[in-house]
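Both of the next two complexes hold chain A, though its partner changes from chain B to chain C.
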Partner chain A sequence: MARAADGRDVIVASNLSRTFRRADRQMVTALDDVTFGIDRGQFVCLVGPSGCGKSTLLKLIAGLMLPSSGALEVEGESVTQPGPERGMVFQQDSVFPWLRVIDNVEYGLKCRGVGRAERRKSAEFYLERVGLSHVARAWPRELSGGMLKRVAVATVFANGANVLLLDEPFGAVDYVTKRNLHDVLLALWTEAGSTERRTVVFVTHDVDEALILADRILVMHSGRIVDDLAVTAPRPRTTDGLMEPTMVRHKHVLLAHLGLENLQGDAKAPTGGEGTEP
Partner chain B sequence: MAQRFDVLGLIGLVLLVAVWQLLTFAIPLIALPHPAHVAERIGEDFIVADYLLFYGLPETGLLDSMIYTTQNVLIAVALGATVGTVCGLVTARFDLIRAVIDPVLLVLGTIPILVLAPFFLIWFGTGRTSAVLLVAIYVAVILYIYAQRAASTLNPVYEDAAYTLGASRRRVVWDVLIKGTVPQILGGIRIALAGAWGLEAIAELLGAQQGIGKIVQVLAGSTDMEGIFAALLVLGILAVVFDAFTARFFSYVSAWSVEARTGGG
Partner chain C sequence: MKWLIAQFRRRLVSILMLLAMAGIWQILSTIYTAEAVPGEPMVPGWQIVFSRTLLSLSDYWQGGLGVPSVAEGAPQSYLAALLSILDHSVDTIVRLYVGLLIGGLVGSLLGMAVSWSPWTRRIVDLPVQLLRTLPLLAMVPMFQLWFGIDFVGKIAFVGYGVGVIFFAGVVNAVKNVPQIYIDNARTLGASRLQIYRTVVMPAIFPEMRGTILLSLGIGWAAVLGAEYLGAQSGLGYVIIYSEQFAYLDRMFVVALIFVFYASISYAIFDRLSRRLLQWTPQAGRVVAHG
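Take a look at the complex of A and B:
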């Protein structure tokens, strides 16, 4: 379903599959022959019901596990292991509880041998950007869930990865905080200027979140990519913007894919991204 | 918080002495000596205990024995904790090695010290080595279990996060596996240390030239209850004092963890 790869792509997946053997010896196909390419600097959202293989795909790109079959390339190189050029914000809290907030944000830079003063400056900058300067010296256990997510975002941004993989980062965050985090994330992403923007793959099951954030939405179902929508609405996008006709159409398509078409009186059946291909 | 616990601890101590004092009215002094007499004996025997000369020991006292016993306990805990922790962390991550080491260490831990001690005395003599190794084994088994459990329950997401941030394997071991399990490992060391005093005393009882256990062994034949109580009391005081210090230090090191905050670590 998804557009095949071309020369400009940062991430290229060809016939990518991944199976797991569960504890009860059943084989589970988490990712089933997936092929796609992702443009440099694009903000791509990955939408699909839970258990459809989103996290698996992200972990493959991160290099935290290897595919069962197929090929995966990032920046023209086959992915065999994790590396700092592919930053990841995990679905679970991954902020180290044993480091103070600012030391967490610095950690990647420290691993890569950046000097003390320089990494402190960078960490302070990104903490300020996510609005957490006041808790720089706090322990993570003293922070709320939403604050921890902001620390994780600051950490990957400070580390300067070209590809950012975010796995339902704001899934457990309340609505208002989530909207604020969207603004922070988009500001960090946009300010780099369109030529050197980082490529973002953002997993979510929240349709509105995807429509606010994405240049492109890949829809997954049962380990396959079943739709590929281009969202061309101008930024910054607002809640009002979500009521524009094209956005409403996208939303109906997405909800239908998630199995909610009956709840939407005037929704159409999935159309394979009708009128949305670039 | 800490201040209040100190006061409570003091009250507990006073109560203990009071109960002891009361019991001496009911139990003959030959079985349970008077607390004041025991305190007196500690003073008398502290530097040079005359009766030890009588039993053929060199000129020595409670202080020398306390130093000897303390040194052995600390060496044994350091040695056992290092071996146990390393084995525990490694086996938590490598199932194959775990399958090999698990039975060895866990069986070793269930052998009573009374069974093990004679062999060690034959192999290593009645010097420091026997006692230290005996105690170290039990410390190692405790730390093995604690470290293994700590590493097994450490969320793998931290290791994944470290790798995606660019950490090397060595860094992940130090910065995640070790730092992330420190509170539980220190908790294990505290428990092992508490038990080590008693084990060391037993090891000395069974065969040694010096130490608190040796004093108890020497006096046991003479039914010198005051002397035995004096020796056991200084051993107990050592254990309590060292536990208090390690607890302070450990809660400082584990300040980040919830366990430390609630006093569990």
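Take a look at the complex of A and C:
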């Protein structure tokens, strides 16, 4: 279902599979023969029920684990280990509790030997962008969950990654905070200009979140990619924009994939689905 | 002055408890008047401890600094007693802390080697785990034969006793470092060495606090054990020497000196680690006010 790779792709996965051997000795296929390509500068959302392999796919791209079979290339190079050009915001809190907020944001730059003044400037810039200048010297324990997510976002942006992998970053955040974080994330993403934009892979199980953020939505089910939607609605996407007929249709399709709806009316039946994949 | 009064009020209960313990000791000394040898009470009262006993410690002064020793025919004096306490304490403390430092360093490095790579694990894990089970006190004579009865032998012994504790503590604490922090550091571009320095070490420190406190205690025991068996100086030497004449009161004073030093080192460590642990959620936690 997902479009095959072409020359402009940053991320190329070919027949990618990953199996786990659980403690009870059962084999679990988390990712089952997945093939897709992702364009440079695209904002891609990965949607699917929990347990369908989203995190596994993201960890493979990050290089935190290796595929069981198939090939995965980022920027034309096979992924064998993590690297600073692929930044990740984890589902759990990953901010180091033993570093002050600003030292967290500087961490990656420091590891790679960026000078003190330069990395401080960069960290201050991104902290300001996520609205956390006032807690730069605070300890992470003094921050709320939503603030910690913003620190994590500032950290990967400051680190200058070309590919951003975000694993349900705002899953545990309240609605209002989540909307604000979307604005922050999109602002950071768009301000680079369309030629230098970073490529984003954003995992979520929240259909509205995907429709607000994505250029393209990949739908996963049981370790496979079962649908690939292009979301062409203009940005910024307003509440009205989300009620445009194309968006409503997308929403119906997504809800159907999640098993919440049978498609009726003018909404087209999902063309993908398990087993129908070519 | 105000600060002093505040401190006093804050610690009033603790101070009263201390005084009560001293009082009980004094009462015991009047009730239980048995003597180990004639003139040496089993429970020496404070009036003896702070006069005759203290003075008698000048027996262990070896002379110098213009203060003649008892062996040279000089009478016992408080100055010589004080100097002898200091002299023997310095010997013991230097042995203790050099041993602690070396043992802590080597033990920690070996402990981290276990998680560094499959190869370092294979090389380090089993041998050190076996070494760890050797009974410490039974090893004193062997260490003396191997490393001699001088400085090196004692350092090696303290280092060994402390090192195996650090090893076990580090191995265990590293296992408990949440994977998420290591993954995060890796995706941000940290090298393996950087991960150990900036993630593993700070992450294990809260858990290592207990290990370090334990090793302070074991360290004291080890250095005294080493001094019992062949030393010409140090607090352990004073105790063993006193034991030969059943000088219970002198042993008691040396034990009090231990308590004093141990309290100081615990207090210093507490202050230091509190600074280093500012980041923990538990910093400044109270279960209930009042």
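The rule we apply is simple: the second predicted complex is superposed on the first by the 262 of 278 C-alpha atoms of A that agree within 3 Å, B and C clash if a C-alpha of one lies under 4 Å from a C-alpha of the other, contacts with A are read in each partner's own complex, and residues count from 1 in each chain.
Simple rule for what comes next: a residue touches a chain if its C-beta (ideal position, glycine included) is under 8 Å from a C-beta of that chain, and two chains touch if they have at least 3 such contacts.
Keep in mind the model is a prediction, meaning the values are calculated, not measured.
After alignment on the shared chain A, the placement of chain B and chain C results in a clash.
In the superposed model, A:Phe20 lies in contact with neither chain B nor chain C. Look at A:Trp98: by the touch rule set out above, it reaches both chain B and chain C. Of the two partner chains, neither chain B nor chain C is touched by A:Phe125.
Touch criterion met: A:Tyr107 reaches chain B and chain C at once. When both complexes are aligned on chain A by C-alpha atoms, chain A residues 62-64, 81-84, 86-88, 90, 92-94, 96-99, 107-108, 111-112, 139-141, 155-156, 159 touch chain B in the first and chain C in the second. The part of chain B that touches chain A in the complex is made up of residues 155, 157-158, 160-168, 171, 175-176, 179-180, 182, 255-258, 261. On the chain C side of its complex with chain A, the touching residues are 180-181, 183-191, 194, 198-199, 202-203, 205, 278-281, 283. Within the complex formed with chain C, the chain A residues making contact are 62-64, 81-84, 86-88, 90, 92-94, 96-99, 107-108, 111-112, 139-141, 155-156, 159.
Residues of chain A touching chain B in their complex: 59, 62-64, 81-84, 86-88, 90, 92-94, 96-100, 107-108, 111-112, 139-141, 155-156, 159.
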